[in-house]
Amino acid sequence: MHLIRDVLDKKMVDREHCDMGRVCGLVMHVGESSQPRITHILIGGPTVWMRLHPALGRLSTRLAGMWGPRREGAVKIPWSRVETIGRDVKLDVEARDTGALDWEIWIAKHIIERIPGGGSEEAE
Amino acid sequence: MKKILQITLGIVTSIGGFLEIGSVMTAAQAGAEFGYQLLWALLLGTLCLIFLVEMSGRLAAVSRHTVVDAMRERFGFPFFFIVLVGIVLVAFMVLVAELGGIAYGMQILTGIGFPWWAIPISLTVWLLMWKGSFSLIENGASLLGLVTISFMVAAIRLRPEWSSVGSAMLPSMPHGDKARYGFLAVSILGASISPYLMYFYSSGAIEEKWDRTYLPINRFIAGFGMTFGGVLSMAVLIVAALALRPQGIQLDTFPQAALMLTTALPKYGFYFFALSMVFACFGAALEISLAIAYFFAQGFGWNWSQNLKPSKNARFAFVYTLIILLAGIPLVLGIDPIKVTMMSMALTSATLPIAIVPFLFLMNDPIFLGKHRNGWISNSVVAIVIVISFVLALISIPLEIAGA
Amino acid sequence: MDINVELLVGTKVRDANGESVGRIEEFLVERDGNSCRVVSYLIGASALVDRLAAWTLVRPVVRALHARKLYSVYDVPWQEMDLSDPARPKLRISVNDLRHVK
Amino acid sequence: MRAKRFAIVPILLTLACKQPTPAEQMDSIVSWLGTAGMAGDAWLRHTTPDKYTRQTLELSSQRLQEISGELLKAPPAKIDTAILDATLTRSRAHIARMARLVDERNSPGFRRELDSLRIQQKVVRQIADGVESAK
């Protein structure tokens, strides 16, 4: 399998086929003499901005600390949760529990639900 | 049966998508200043658009990816980001121009200045996005846009010399101001080959859950719909050439354009023009706001669908809310929508390469498209569009300064 | 040591003698069960062509130009890659001992 | 126009600074006279709203004043400035009266003004053709 072509930047869906963003980064563990392993999938603003420029990555981390749903570090999903890789990357997780939807929920709660007719983010 | 309905609606949609303030103003200016001579630019733009739209529909139907999905996936975030900045900036300017077109239409109907209309219009567009489903937006706006057919009626009633119309389908050198001629040609191509239409169309195909069985329909809609839209733009040019040019009128402002249909359709021409602009620009404003929101949502992998409640795709709804509100501001300040239109059309040409080059790669991707990838005809067309787009990008900025 | 794969893409690689080899464009991995192991790294401009799935577009051009050399990929097995400084990846061998694929 | 004050992009600034040639200025003058004439015709047929007609006539008059002011500041040699100035002043007077007659809904009076405007328009067109051919 080609890691960059077939995994990086692909859309992820959770157990319920709920969109949970794109694969923003991948963590590879390199040992002294053992074969390198892919251990985690990374999601989140700072990870993607870092790919453009390190300064943008730092700026994004700082801004995220001042505004919005605060969270320490990037969202990390263990590779063992990857179920299948096809059109999307299917993960055996609950999207809401991972933190990948923090911004979605924050914007829904703080902005969209306050506008009449926005509906409720939690309603079925 | 459902598919036949979809064909009809698809064609209607493309009329709505094709005719908007940019194509009307550029075509009318061309007709008023150079007669039929720039018809070839409309023909070329329409042909290119037919192919590009067919391809983006095919990509969506076969790979179940929109153009933006596929671009982010193949080219990665850094490249995607460059395209995002370029396309969204230009699309935003086009949105300002469309809102301005609605506002100007209201101004000539009521006599109340266009800046006063900016806020009510932005709110109406936003409210439709907020409340309406995808098909309501797509079909409602386009059905209203059918009033633009009045341009075609007017063109026929003015009895153009069809032989001169035919010979203008081939490019020729102007007698007068060459820079101005070039600028108008670039603007016409920019107004016709608008990338946002590709993004909107492929997103629509995903919203309506197209699969491979829709490929013939896709071809049909792209071919007929875009042709119809192109013919309408040509009608605008012909009307301007026959009604405005003999009076020596050059279109610098919108109220002048409003006189366009008064000779061919003496009784209701003025109102047809005003309503055409209001409805067509309204449809285009909806499509562009959606296209921008789709661009963000698909590029970043957010959940998106115009058929969900806003809170179910909060980030998507947030983007279009913000964009529409921001687009109202320049109009409140009184910036002339016609200037914005002419500038955004030339800038569309300047950003075409970053939209079309990755598209060529995607349409040849064996993983996405398998045996449905581009054949040599389609590839040659894209290659031609790329050459044109690079030429346009290189010359549009100097021409902008020399010709406007 | 943990390395960010996405930041390694496009990084220049030098061989054991300090000679430039090309940029890392692709990681070949093997999934077995829950783990995902890196088998080799693809280096060179043509690896980029592969990553963009653009060979149907590029190959005819290359063939027409008789420019075989342009279309080559270095396939570096994981054992030969020294990633102790992720900003400056190095090969443990010389570029001449590398395997060309395709 | 207000747009110039709120120029957002440097290109617009460049545009605003660019000086049109006398031939282009004459074309603009012809264009605005044509606009006033066409708006007049349409109103006489009762096919356009009064407000729109009045606004368009006022806009034409205002633009004519702006452009002719610019042109007459540095007139090209082959134009008889006295004739042009007089013609344009008369044209603007006709347009101003037309705008007033719209409010009074006085069609016969409006038609007379429009006919006189057409005569001035012919004179201006001849001058414009002269500038064009001398180029």
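Chains here go by letter, A, B, C and D, matching the order in which they are written, and residues are numbered from 1 within each.
In this section, a contact is a pair of C-beta atoms (placed from the backbone, for glycine too) under 8 Å apart; a residue touches a chain by one contact, two chains touch by 3 or more.
In this text the structure is predicted, and so the values were computed from the model without any measurement.
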By C-alpha centroid distance to the whole-protein centroid, which chain wins? B
Once you find the CA centre of chain A and the CA centre of chain D, what distance in Å lies between them? 61
Could you work out how far the Cα centre of chain C sits from that of chain D, in whole Å? 68
List the centre-to-centre spacing of chain B and chain D in whole Å, with centres computed as mean CA coordinates. 32
Once you find the CA centre of chain A and the CA centre of chain C, what distance in Å lies between them? 27
Please set out, as single numbers or ranges, the residues of chain B touching at least two other chains. 74, 76, 367
Each of the following residues of chain A touches two or more other chains, namely 4-5, 8, 24, 51
Two-or-more-chain contact residues of chain C, please, as numbers and ranges. 9, 52-53
Which chain pairs here would you call touching? A-B, A-C, B-C, B-D
Could you list, by residue number, the parts of chain C that touch chain B in their complex? 9, 52-57
Complex interface listing, chain B residues touching chain A: 63-65, 69, 72-74, 76-78, 80-81, 130-131, 300-304, 309-315, 317-318, 321, 367
If you look only at chain A, which of its residues touch chain B in the complex? 4-5, 8-12, 18-22, 24, 48, 51-52, 87, 103-105, 107-108, 111-113, 115, 117-121, 123
Interface residues, chain B side, partner chain D - complex: 108-111, 177, 244, 247-250, 252-253, 255-256, 258-259, 262-263, 266-270, 330, 333-336, 339, 343, 397, 400-401, 404
Partner chain A, residues of chain C touching it in the complex: 1-9, 25-31, 34-38, 50-53, 78, 83
